[in-house]
Amino acid sequence: MDDAVLSRRSLIVTGAVGLAVPAVGAAVALTGSAARAGATRRVTIYAEALPGGLFGYGLEPGKATVPGPILEMYEGDTLEITLVNTTNQRLSIHPHGVDYSTESDGSPFNDSFNDPGETRTYVWRSREMFAAAGRRFMPGSAGYWHYHDHAMGTDHGTGGVAKGLYGALIVRRRGDILPDKQFTVVFHDMSINNRTAPNTPMFEANLGQRVEWLAIGHGNLFHTFHLHAHRWVDNRTGMLESISDPSPTIDNKDLNPGSSFGFQVLAGEGVGPGAWMYHCHVQNHSDGGMAGIFLVRNADGSMPPGAEDAIHRFQGHMHTTSTGDDHGGHGA
Amino acid sequence: MDDAVLSRRSLIVTGAVGLAVPAVGAAVALTGSAARAGATRRVTIYAEALPGGLFGYGLEPGKATVPGPILEMYEGDTLEITLVNTTNQRLSIHPHGVDYSTESDGSPFNDSFNDPGETRTYVWRSREMFAAAGRRFMPGSAGYWHYHDHAMGTDHGTGGVAKGLYGALIVRRRGDILPDKQFTVVFHDMSINNRTAPNTPMFEANLGQRVEWLAIGHGNLFHTFHLHAHRWVDNRTGMLESISDPSPTIDNKDLNPGSSFGFQVLAGEGVGPGAWMYHCHVQNHSDGGMAGIFLVRNADGSMPPGAEDAIHRFQGHMHTTSTGDDHGGHGA
Amino acid sequence: MDDAVLSRRSLIVTGAVGLAVPAVGAAVALTGSAARAGATRRVTIYAEALPGGLFGYGLEPGKATVPGPILEMYEGDTLEITLVNTTNQRLSIHPHGVDYSTESDGSPFNDSFNDPGETRTYVWRSREMFAAAGRRFMPGSAGYWHYHDHAMGTDHGTGGVAKGLYGALIVRRRGDILPDKQFTVVFHDMSINNRTAPNTPMFEANLGQRVEWLAIGHGNLFHTFHLHAHRWVDNRTGMLESISDPSPTIDNKDLNPGSSFGFQVLAGEGVGPGAWMYHCHVQNHSDGGMAGIFLVRNADGSMPPGAEDAIHRFQGHMHTTSTGDDHGGHGA
């Protein structure tokens, strides 16, 4: 990949995304100090086959993960993605939220995909809001979006999505608050990031760190994402945008196929450190393995009382279902 | 029907809604220049049996469509609907969002329905917001609503809804931006407007035209509406209502039974003309036929490069499921 | 329970919640005139077995209901709940929206639950918004939340939720408008408050009364809540928070497991008194019994014309499914 995109910030982000394999979950940060309005960045993404029948996107050969890397840009930036298809399957990369011509649609419908072994470039552009009429504006591109395959298996990429070809895409507005850590959570059929408990990702942060959650829905089933002891505003940023912001505060939100949202919390703020659950709130989904741990350590990084016991209970007693797979950037 | 409601604007709208049968999809426009606060309009709607076991609402005898005509009013207006039941079934018309007394509820529960062959009048009123306390207001009627049968088959109109008795209802606030074109999309069980690909509606606009999408959910299943290469704000109008509007921008939204939303986009803005997909993002729903084409032509109305090929692929290769029906105002 | 929490207001509320058994559905009002910022209140809640295999929470021994009592607080208040488990099952109480340490999580994961016969105290804290950066704020606790068991049957409380261990929790912001009446509606699998029509709750108000609806989703299925002839704003309060509030007005909203929302309407405002339906808008859910009556009486409390007939039709003719149970605070 283009080394220029690996800013210091993206390396910091790396540590947050994949604890077990920090080099893998690198975010393509266009939001570092070097970023400017209208910047064009180039990145190479490798679509690869993974053990267990999965597929993943990665920023370096042999480093694909499920989910793929977090891609970020500011409104106005352009991202040129050279997608290297190292597999023997037809596949593509299709983004939500940004601008692209039909050539970069990522769909067989528009003849926009990679044949097996093929390399193809996709261009994603973004923009700021622009005046409509009166006080109104047509929206810019800012949002917590995502990208996914749109060509493997069916013309809607059902096979690629099912096997792990998905990831988070963030378009920030200038002035947005940047997080200390980022977690990608994909509710996909009966799994989280194609894993089930107790093999679901354990996300870690220290007390008070600003954590950004990126939630994405995929597949055929409907879900609700719930996080214990933390909450967020159901608007663009997850924070009240002013003292008079009318948006509701929630801690449980529908997370259905093709949808995504994001928000930032201060880890353990007001509740203290500890092992907190995140899970699908559909009862037979959480019972079936759609649950994971958000471990909030003490501010100095040490383990808080009771957390080890809780993790032990989670791993040993609470769940019997397991996918058995062990790759990817979000291991417990 | 009352000729007075067929303003010049509604005729313009007609062309947008039903390309194959332009005279049928007429919107009942209360939003033309003649409209004023508190206007009362009368319209006759004919509920009719259609080929293939379907039923539809129409503004003239023999002209019923699935979905029914787009009905529009401004906050403060009243719509008096004389519903002529030309069928041998019990049926009604039940609106969302507006005011009605129990006599106009459209439910057997309130003894409000048309027996077979019966004509009955329903009155829908609307209003502006009014003060609650402090800076707060109780809401007015403005919204992207819908109407549907509430009496055929079961006391909840399950039979009528299943067979096509539904349509869009818009209540505008004064100052709202009017669109150039309008499309009604009803996600209903495994269909779009009771059709499946490749027989789903192909909506057409020229580059830069302001297109209003009216999305309605019905039936027993849950869906997510996704539109390629375009996005909207998840608020009342689909646009940022001010530079500080905190609402999120989205391109995928839950569209579930009884819910509706609307938004306006500039066709192809920032992405160019072409054949763009809209579809349910639930994978086995899109694979099963819940997909259609939004054809953005060049600004002069000519076909952009690649669009014919994409349409051909859609019609010939991508889908094998078809309802076989060919009536209605939204044909490909 | 602590007598101090039974303010005059909570007694008024009582009459609104449970018409048949007014002493049971008492709201724990922290919002009366005696409440102040930072107040700590103590309440004892009894978890009890009920006829028909149900379980409920109650504020006095032998008075448990399905749903449990409405709990209220202002941002800044703390609620200390002593939960007396009178049953032979493991159970807990887990809140949404408020702050709690791992000891009060209510989950077996954090070793936070009541063994059979055990008494245990849970502490819920709330807070006001606080500055993040620029004009932004991290959210306070205000919201229409809920509480439920998280320990019976499975580690996610699937057994307890299925059998009725749930209720509404409101955290108000100072300056919020207080209602005249409150109704709790829990969509739980194919039931409303674990009942099906015609045994679903009939909620009553007089014309013009300010009624607060508390809607909660639970279980394994997905639903949409619809109320006839009334509508609300899809934001924190259900009202437009200012003349420029961009939030949409709706009358149908997804109500899925773990989610909750609330809103206030003026009973019959603009539409008149009468028997109005509320129901799940998923067709086979409403047909299967997920429907009930919102009876808006005349302003003097007398019955409006036609209402008795509608109720009779609802009870006698429209539904054949019934749970047969007759306890609880929300009977018809």
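Residue numbering begins at 1 within each chain, and the chains themselves are lettered A, B and C in the order written.
Throughout what follows, a residue touches a chain if its C-beta (ideal position, glycine included) is under 8 Å from a C-beta of that chain, and two chains touch if they have at least 3 such contacts.
Quantities reported herein were computed from a predicted structural model and do not represent experimental measurements.
Taking only C-alpha atoms, you rotate chain A by 120 degrees to land it on chain C; that is to the nearest 5. By the residue-number overlap criterion, the interface of chain A with chain B counts as different, with under half of its numbers used by both chains. For the pair chain A and chain B, the distance between C-alpha centroids works out to 34 Å.
For chain C, residues touching at least two other chains, in rising order: 222, 233, 237, 240-242, 245, 247, 254. Per the touch definition, chain A reaches chain C in the complex via residues 175, 177, 222, 224, 226, 228-229, 231-233, 237, 239-254, 266, 269-272, 274-277, 279, 281-287, 291, 306, 309-310, 313-314, 318. Put simply, chain B touches chain C in their complex at residues 96-97, 99-102, 105, 107-111, 125, 127, 129, 132-145, 154-158, 161-162, 217-220, 222, 233, 235-237, 240-242, 245, 247, 254, 256-261.
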